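Two complexes come next, and they have one chain in common, chain A, joined by chain B in the first and chain C in the second.
Now for the complex of A and B:
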């Protein structure tokens, strides 16, 4: 049986159930690289050129950790996931970048997904990927359909039950609602920063333990995303604008006392989008906003200090409003 | 209406003439300077690329000088650039300026789109007025570029350093003032002859160097700290893969020649990078593969945090077509002394490499 390796990085958090279903239906076995650790990060950092953003370095580290564990590594090149909405360059160049940075990687299984090109092209791309495992077009089609269904279920489940990808994918404990939270915050940003607890120094866990109920972009209803996007940027241009600008804009006006943006240092799109959210926060005044920049040098102590200062500020703000 | 646009190489030489012809008042930003840069840096988010910061600085200085209508490149498929105008507009509004921003979707509607923009800012001038005025502006770019190409060759071998640059400056002044296509032809001839007469140092064997990379930093000398002039001083004949007129031709017309050249570059990149990654990353890889044999070295210019060029930077070292590449990251931290040290070391390296090859060939 063919084994396909999936790096636990970048788009894994958004599309893993889809990919898993697709490959399993076609009779392949899937392995996922272990969660990011010191070695993964060190590998990635030492191989990619220094200017590369942290998440891509982490991704390369994960590919290295799959060497010897699988026959192929799956690295899609995702150009667009919606009409006229573009992805960051890094996602387009990912297969070629991986080959250059990790030359000893197992053969790379790549597919170009460009929804902008229409259904036909999309189906053709999926078919040519599936054909490597089965020459029966019907079987490929069925696999693609189940994969799409699995993705829909995944998204719906997170949205309706208020779950994060980690809770669904890795069965992390469902929150104990009875424990009582004294504060609600939203954490927004790319899933590969928000959910990689090594990279963000266990941010979500830390907040949860501190009695903060955390909301994430996946929990925002579609209508809420659309409305916030229209307010702040008009039409969507970047794929992840929804998870940053849309979710950020939504939470600034709903449910929470503060929003924490998690951004990668040196990430082009992030710097543009978080600035827009921050300006919006200043205009609205009601809700506090803080952004955390992550890179390979981010120290845990520094992050904790900033987090504490932010929480303090929110508490003080609340007291002032309560007295006034 | 007092129209402005950011600086980009000699953009204003053509633009000012065109706007004047059409009777539109224009306010070119003051020449890009340290002040422009520090204004741009001050009001921009930290992680944005240099083009964003410098164009924002240009806008602030133009607004101070009384501009009220800002033209800014936009459009999809052009990397972050397509999104710049949104944030710049917000930043400038938050600073308290009153203005109107017109995003130019240059790559989508081509020449027609450009004409319509002029129709709009002239408040509906006749096509018979607009078309020749725009064509004259475009013609100016191609004359400047013809002269600049030659200047980039002469700089390497001129006996008196700075002679070619001086001629270029004179030529630009003359071109800016020209009102007719035929006077442009004369200007071109006159200055090309003048360049041919510049005394040369016969002992210098110029090295051939190509400057390539991200569009803005390749074109805008302020952002690359005049890398071409510095290379010239070090005895390098500079070729650039991109001139303003190539770009205007390519973006405003469907230029079949330009298209072919682009395709050739893309095809060369294919074994290493299979698709367009936005910006100019694909081209950077392709240029290296295609021209490895033609040059002694390549200077790769990339703005800090520029995503497409970072991909290129990761991939370029792995191509089997071998030629030394020096990547210079352009940002507000880059200082002249640091850059010169790196350039000198690089030029040394490619000179030795060339000598070794010549020996091996004998």
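Now for the complex of A and C:
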């Protein structure tokens, strides 16, 4: 049986159930690289060019950790997920980039997803990927359909039950609603930053332990994302802009006392998108916003200090409003 | 009489502030950390004890600054608070109508935005120390003048030179170039002040609305050159509080006073004899997982008091049990 390796990085958190279903239906076995650790990051940093962003470095580290564990590594090039909405150039060239920096990687299984090119091109891309496992077009079609269904179920489950990708994918303990939370905050940003606890210095765990109930972009109803997007930027330009700008805009007006944006240092799209959210926060005035910049040098101390100060700010603000 | 002690252990300096029941300042102390936070906390405590007027009893101790947890364990702190909150509280105490707090310390710089007495936003420098006291220290050394002379000399400048302040390395090569061209030292010094302020405003304070009254605190506020450059850039007068260098310590002392009054519990302060104790620090690499964290530990007579540095709480947990 063929084994496909999937790096636990970048788009893993968004599409894993879809990829898993697709490959399993076609008779392949799937392995996922272990969670990011110091060795993964060190490996990625030593290989990628300095200017590459942290998430891509982490991704390369994960590819390295899959060497010897699988027959192929799945590295999709996700160019666009909607008409006229584009992805960052590092995603466009991810298979080539991976080949260049990890030459000893198992053969790379790639697919180019470009929804902007229309359905026909999309079907063709999926078919040519599936054909490597089965020459029966019907089987590939069925696998693709089940994969899409798995994705829809995944998204719906997070949205309806208020779960994070980690809670669904890794069976992490489901929120105990009876536990006393004294504050609600939203954490927004790309899933590969929000859910990689090594990269973000256990941000979600720290908040949860501090009695903060955390909301994330996956829990926002589609209509909420769309409405906030329309209000802040009009039409999306970047793929996954909804996770940042849409979710940020939604939470600034719903459910939470503060929003924390998690961005990668040196990320062009992030710097633009978080700026939009910050401006929106300033305009609305009610809800506090803070962005945390992550890079490979980020000392934990800086993050902890900011987090503590942010929580203090919200709490002291509350006390004053409660008294006045 | 009851007094409250605030200790701010920063990367470059260690500050102490003692407040009485009415939050009036009784004593302050300003020491260089010199990379020895424990020794400096001990030295400071000994000094405070020596100067403590008779009849005064420490009713609460708070710690802040980058070594706040370490200092907290040593003195038996009742409150450990981050430096942003501490600085904001101190500024509000000195000037209740303050709207902007500029704080520039040895290795970090902050901006705190306050509206109607409540913090609404803040910013802090990231990985770069180009806009901080260390930068000035370093450049003063290069120019062969003491940091105390820096401010007064800078004020004598008539035609300041423009220096790239974005990065210490660039600033330095720019500065050397200006020296070689024969510019006066005063003009270079004030150029450096302007570069630091520009760097601060373009990085730390980027996108923030800096409304007056502006309070400028932290060690760098000693430098009149920076004060003037800041006033010129902001086009407003800047308030430098008389004890600007110990504001973090004052803030945490105010907070611990508030906390102790609220809880009514006795202080956990270990007493001044702490300054005589021989603490032992060591570190080791944890091999429980591939992260190989460097764990630092503080011990006394072979008994571990605290551990830090892990990415998980494996060691922090064992230390408290």
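Definition applied: the second predicted complex is superposed on the first by the 324 of 324 C-alpha atoms of A that agree within 3 Å, B and C clash if a C-alpha of one lies under 4 Å from a C-alpha of the other, contacts with A are read in each partner's own complex, and residues count from 1 in each chain.
As a working rule, contacts are C-beta pairs under 8 Å (C-beta built on N, C-alpha and C of every residue); 3 or more make two chains touch, one makes a residue touch a chain.
Values in this document were obtained by computation on a predicted structure and should not be read as measured data.
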First, second, both or neither for A:128, with chain B first and chain C second: neither
Chain B versus chain C as contact partner of A:88, first or second or both or neither: first
Touched partner set for A:238, first chain B, second chain C, both or neither: first
Partner chain in contact with A:96 - chain B first, chain C second, else both or neither: first
Comparing the two partners chain B and chain C, which touches a greater set of residues in chain A: B
Which superposed partner A:270 touches (first chain B, second chain C, both, neither): first
Touching partner for A:160 - first (chain B), second (chain C), both, neither: neither
Which superposed partner A:51 touches (first chain B, second chain C, both, neither): first
Partner chain in contact with A:317 - chain B first, chain C second, else both or neither: second
Which of chain B and chain C A:77 touches, first, second, both or neither: first
Those residues of chain A which chain B touches in one complex and chain C touches in the other: 265, 275, 293
Partner chain B, residues of chain A touching it in the complex: 48-49, 51-53, 77, 79, 84, 86, 88-90, 92-93, 95-97, 99-101, 103, 112, 233-234, 237-238, 263, 265-272, 274-276, 279, 293
Interface residues, chain B side, partner chain A - complex: 45-49, 76-77, 79-80, 82-83, 86-87, 90-91, 94, 272-279, 281, 302, 304-308, 310-311, 313-315, 317-318, 329
Chain C contact footprint on chain A (complex, rising order): 37-39, 198, 201-202, 265, 275, 278, 288, 290, 293, 295, 297-298, 300-302, 304-306, 308-309, 312-313, 316-317, 320
Chain C to chain A touching residues, read off their complex: 66, 81-85, 116-122, 124, 126-127, 207, 289-293, 311-312
